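Presented below is the structure to which this report refers.
Each chain carries a letter (A, B, C and D) given by its place in the written order, and its residues are counted from 1.
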Amino acid sequence: DPALIYDLGGKFDKSFNEAAFNGAERWAEETGGSYRDIELQSEAQREQALRRFAEAGFNPIITTGFSMSTPIDNVAGDYPDTKFVTIDGYVDPEEHPNVKSILFAEEQGSYLVGMLAAMASETNTVSFVGGMDIPLIRAFACGYAQGAKAVSDDIEVIANMTGTTPAAWNDPVKGSELTNAQISQGSDVVFAAAGGTGIGVLQTAADKDILSIGVDSNQNYLHPGQVLTSMLKRVDVATYDAMQAGADLETGVETLALEDNGVGYALDDNNRELITEEMQAAVDEARQKIIDGEIEVHDYRSDDSCPALSF
Amino acid sequence: MDYNTLLQVLDSTVRLATPLLLACLAGLFSERSGVIDIGLEGKMLIAAFFSAAIAAMTGSVWLGLGAGIVSAVLLSLVHGLASITFRGNQLISGVAINFLAAGLTVLIAQDWFGQGGRTPSLIGGGRWGNITLPFADTLSGVPVIGPLYAQLISGHSLLVYVGFLMVPLTWWVLFRTRFGLRLRAVGESPEAVDTAGVSVVGLRYAAVAICGLLCGIAGSYLATGLQAGFVKDMTAGRGYIALAALIFAKWRPWHALGACLLFGLLQAVALRYQNIDLGGITIPVQVMDALPYILTVVILAGFVGKAIPPRAGGEPYVKER
Amino acid sequence: MDRMPAWADAVLVPLISLLLAALLSALVILGIGENPIEALKLMVEGALLRSAGWGYTLYYATNFIFTGLAVSVAFHAKLFNIGGEGQAMIGGLGVALVCLYLPWPHWSLALVAASVAAALFGAVWAFIPAYLQAKRGSHIVITTIMFNFIAAALLNYLLVNVMKPEGQQDPATAIFPAATHLPTFQDMFATEAMPLFRGSPGNVTFFLAIAACLVVWALIWRTRLGYEIRALGHSESAARYAGISPVRTIVIAMLISGALAGLMGVNTAMGEAERLVMNATEGAGFIGIAVALMGRNHPIGVFLAAILFGFLYQGGAELALWTNIPRELIVVIQALVILFTGALDNMVRMPLERVFAARRRAARKTPAE
Amino acid sequence: MTDTAPAIELKGISKSFGPVQANKDISIRVMPGTIHGIIGENGAGKSTLMSILYGFYSADAGEIWVKGEKTVIPDSQAAIRAGIGMVFQHFKLVQNFTVLENVILGAEDGGLLKPSLSKARGVLKQLAEEYELSVDPDTQVQHLSVGHQQRVEILKALYRQADILILDEPTGVLTPAEADHLFRILDNLRAEGKTIILITHKLREIMEITDTVSVMRRGEMTATVKTAETSPEELAELMVGRKVLLRVDKAPAKPKEALLEIENLRHLDGQGVEKLRNISLEVRAGEIVGLAGVAGNGQSELLNVLGGYADATGTVRVNGREIPLSGRGCDGMARRAAGIGHVPEDRQREGLIMPYSAWENTVFGYHHGPETGSGLLMDNAAIRKEAAAKMERFDVRPPDPSLAAKNFSGGNQQKIVLAREIERNPDVLLIGQPTRGVDIGAIEFIHEQIVRLRDMGKAILLVSVELDEIFALSDRIAVMFDGRIMGVRDAGETDQRELGLLMAGITEDPGGDAYEAVDAAMDQKDHREAARHG
């Protein structure tokens, strides 16, 4: 059986971890298989969970969050017959041939929702609330800003991070206050890439009658008609695929981008009214151009800098 | 900083100060009666959970408030049992209550809602709406005063006004009523109260229950006013800050208002200005995060001077000679 | 009043309190629709019936011994040190600096240096609250809590902005050089035939903790300093009369307390993670309070209570692994243990005293007649 | 007698605290309109009995009859309802409340304070005139002298319309003038028909004011006699069970060189108030200098400064060598090294660590000395052995070094402190309130020890609020008032009246009623104190 280990934000963060959970559930439903999962609560538990699952014969062991890459690095060698998956993390494939690292081109998806935000904005000001201030989240912000600037050259993009510790993934109160501050600076579309903190962001945006953009999972349903769209990061698909492959999982490093449908934006009944046909056309055109390489979206992580936004 | 920004920061200050203020007044009642309470945090937390949970299940924010208050009062009574009836260590009882609330809230939330220790998001009648005071719209055009009234004074949830009204009420109860006289006396000299033929235990339980009531309101405000639901550990140290404010205020209601507004302001500023640029030197966000705590220490050490706590605080009352 | 025998006070009261806490915990487990017996079995199997389980239990216990001793030394001077958390964090920082920036030929030397640094850093972090309490009367409970928050912010800043290697996502230092890696129980006791303690983090720091118990015992009950610390704790006015400086004694007691809490950093940073991570202490500073109380502020008691809490931690992790019981159950159990052994102990003691008094009266009567 | 019912009648009251039987089958009748004295050794059970009467403790057996009716008194409220008021040995006042607030506490009319306060103001004024019980109703209690605080306690009882008043060791902390005033108040109350029960260790007071006196011993009521038909000697014997010497037997002093020289000593307290103003005094080898004064006039501060735990300026020489008065080298341990022994005024708060065993307490303050062992660790076995010997020499009962200090009675605790300080043969012994609250049997022993040390050629500075004790022990007497030494007299050449006036800061004898002058002086002092705190 496969096993799934969620990062500290918890299984029901309505975004990142929950996407993995949804993927696993879908797999279980479709195949009738069963899996075991655990929400981590402490640092020393990371290795422990990996080892205990490996010893108990679970395979593959899928983990979410970059914090798991170091523990996997420590453990993988002891269990050569077990496959480990680190979503969002990176483990050297040379050193540990039984590990699969799955990364996403978040900047590309963010670029698209950035465009949508800019097109929806009436104040020509959009904003971003990040969770923990790490390169990954900066990559979100950077892609978002690039997308927005592609639509409107002089648009103002306000970006704030919730904090610098893992607690920043789960602080809706602060997310809400940050959103308030951004609204007062003129923002009328806010993109939350902040895990559980985003719930506060989306809530405040809905309360204050501005648009918001969800992240990772499709969060459009949280406030129908008030969430412009969600930047999808198909952690669910990645999880599903890994479980589907089972013990025969191909290892190595994989980056899921627009062309793999690994990232994208969400369109459903909840936001149909908000996205006009022109908007959709513009975004779909950009999507194709990115896939074709005509538009290059800068990845913050490639050189720790962003042309469209300063942090 | 322009006037509008100032108003927004102050507006945020009021929102953030309200739970502190309610908790601080809660602590004030308890400590004035001689029962030290570092379990404010836990009581707020449990109230936040139950108010959100019941509000989510019934769709009524009032029922939520009731549930929050009941749960906080129950925890208060546990504290009372430990520190009044069984003369246990009040600090330890407080620590235990904080742990208990942190664990129970998530445990029950998971059991009831299965959303990882969170309640469902509250909608409609499950949350406190913001009250627009009369003439707010009409007056908002008036320069200076208008925006002040419309933005800062008007437009908060009912519990904010309750919190602020609690200040004069607390003062009046404490210094103008028989109950207040006895309450202050029992925190200073329980033996005087006892020999005067008044029940020390009864008074202290009453104080502790009031403390629970106010913590209950504070927690409800957090989860159903400020936020739209409960998330784990959502009090995030506010109980401790309230305690510091209480010492800073020297256990006096009006001073408590000032102290809580100050701490609220610090938090609002830290939220709003994450990286302050002072002529080339950027103050890191961590400094802003730590600022309320650093300032608490500085204030305690530098300005409070001799904050004389209620004399019998922390001491269980044992009849002797 | 009726005194009951010392053994009853030291053993019977905590034991009954513990039972009450366990009973209530069982009710809580029932309340969330799980089976308490099964849960207990899982916990015992996972924590005590496997050597790796012991490795985890003792790893956690090591943390709690240090923080428990820290709290109890301060308690003897009647100081309530809630700052173990922050002191341990900063202690970990000391360990990281020593391990990362100094070259070490052998782990034993690194351990000595890291222990000194951890103790020193922890002591420094306890110094300011101690000084403010001694000189300005600033309530140490409040200041140490504040210093926990400040320590977190400081560590956060250092990890995020200074010590984190380029390109790394999580706020942590680089892995310490291999020469500083401490031998784990696995390294020490496992053989080809008997792969004991496999993969568990229990390490040589555990023995350091035992040594700390002995040193603290001698310090408190055999040295003049311990005599003074206890005297101050019982009566400040008497201490001043005797020429014991309250300021000096408060500061020294807190320095020792902070140093002990800081030593916990050796276990987490050097023994387990082999790097410094943001949230390594994970509430051990607070657990230390419960451990000290349950252990009646005596090193032997602290040791036993630390093992108990280590068991709870490890057992709780096992529960989370194999059942759907959230790990917060363990927080609730801890809370109940603290409540019953620390704050509601008189609930057990008062009736017990009555029982002993009745027995004594009966015993007195018989020979007289 | 037969037609008036007793104000109080207790029948067969028993009470035990675990193994200690504090009261055994006690019966007593107190007639209305009388003052009834109760005496007995420490721990005889006097306070316990009165606490039962006031509903503080409940008796294991027995009945209480008030004014001819059987009354159940489960709590203080019931006692108050039955017309009983009590003034405890340690006052039960809220220090930072005003007199008025203290008086109405628990006896308010209605939920709001205002009406109660104005009513109480009127009643207090009336009571003040009726019974010479004047205190400023708006002063905070903490700014009142002990004597005035006691008046507040009496006012509290009268405000609740008590006609039976219990006073537990009321004069223990009063000056002679204050005690005189108290007795006049009690006289007035008796004249109004009130009944008073008075507990005291002082036989003089018993003889002076009571109508009847009961003696308690080891929890039992051993005798009740009419005061007019007994004598102090008889009472002492009834109390202790043997003949007691009520005077101190000592030879005239043969003072030699000055061992303790104090010049221009000044000391400021934490608030910057000058508590010692230019004190100069010397104590010679082989003499006892008594320091008399109303509590709070600087005697305690002087002992603290000399004992090394309060800073001061000026010069102090011990055995000719100057000792530092602040900074390093100014602490209790340094003082002991310099040859100053110190029996503190409050044995429980200062002299002993109550939870420590007796043997641990016998090195308290000397724990860095050679007798505690030479190595890094303390030599507990040796200390314990030495302690056992000391306790035997000082007749500490029980002679068990392992027993915690808190488990010894007051008198025996005092003996432990004395043993520790005297056995080291200090050149100078500072001794504060050596016999406060101690029964006459133990007083006899303690006084003997002090005189013995004097006769060994040591200098002794004695502070006591008991003028009797000062007279009995001292060779010279210095009187302190408001931080100054008002005068030094030879013990043989002065009297109570002169000292009483000096203690109130009056150096010229005004003639006539000295007590009134003293009282006026005390009132003024209270006002100054209150004014200083705003």
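The rule we apply is simple: a residue touches a chain if its C-beta (ideal position, glycine included) is under 8 Å from a C-beta of that chain, and two chains touch if they have at least 3 such contacts.
As the structure is a computational prediction, the values presented were derived from the model and not from experiment.
Student: Looking at CA centres, what chain is most distant from chain C?
Tutor: Max centre-to-centre separation from chain C belongs to D.
Student: Could you tell me which pair, A-B or B-D, is linked by more C-beta pairs in contact?
Tutor: Pair with more contacting C-beta pairs, B-D versus A-B: B-D.
Student: Centroid of chain B to centroid of chain D, CA atoms only: how many Å?
Tutor: From the centre of chain B to the centre of chain D is 46 Å.
Student: Could you grab the centroid distance between chain A and chain C? Build each centroid from C-alpha atoms only and quote it in angstrom.
Tutor: Here the centre of chain C sits 38 Å away from the centre of chain A.
Student: Go ahead and note the Å separation of the Cα centroids belonging to chain C and chain D.
Tutor: Taking the average C-alpha coordinate of chain C and of chain D, the gap between them is 46 Å.
Student: Could you say which residues in chain B touch two or more other chains, in rising order?
Tutor: Only 117, 232, 286, 289 qualify.
Student: Residues of chain C that contact two or more other chains, please.
Tutor: Within chain C, residues 156-157, 160, 326 contact more than one other chain.
Student: When you check chain D against every other chain, which residues touch at least two of them?
Tutor: Within chain D, no residue contacts more than one other chain.
Student: Output every touching chain pair, sorted by label.
Tutor: A-B, A-C, B-C, B-D, C-D
Student: Could you pull out which chain A residues touch chain B in their complex?
Tutor: Touching chain B: residues 10-13, 39, 133, 160-161, 163-164, 170-174, 176-178, 180-181, 184, 196, 199-200, 203, 207, 222 of chain A.
Student: In the complex, go through chain B and note every residue touching chain D.
Tutor: Residues 175-182, 184-185, 188-189, 191-199, 311, 319, 321 of chain B touch chain D in their complex.
Student: Using the touch rule from the top, collect the residues of chain C that touch chain B in their complex.
Tutor: Interface residues on chain C, with respect to chain B: 28, 31-33, 80, 82, 128-129, 132, 136-139, 141-143, 145-147, 149-150, 153-154, 156-157, 160-161, 286, 289-290, 293, 326, 328-336, 338-339, 342-347, 350.
Student: Would you pull the chain C residues touching chain D in the complex into a rising list?
Tutor: Against chain D, chain C makes touches at 1-3, 218, 222-224, 227-228, 230-231, 234-235, 237-238, 240-245, 357, 360.
Student: Would you tell me which residues of chain D are touching chain B in their complex?
Tutor: That would be residues 47, 51, 54, 56-57, 75-80, 86, 88-90, 92-97, 101-102, 104-108, 110-114, 116, 156 of chain D.
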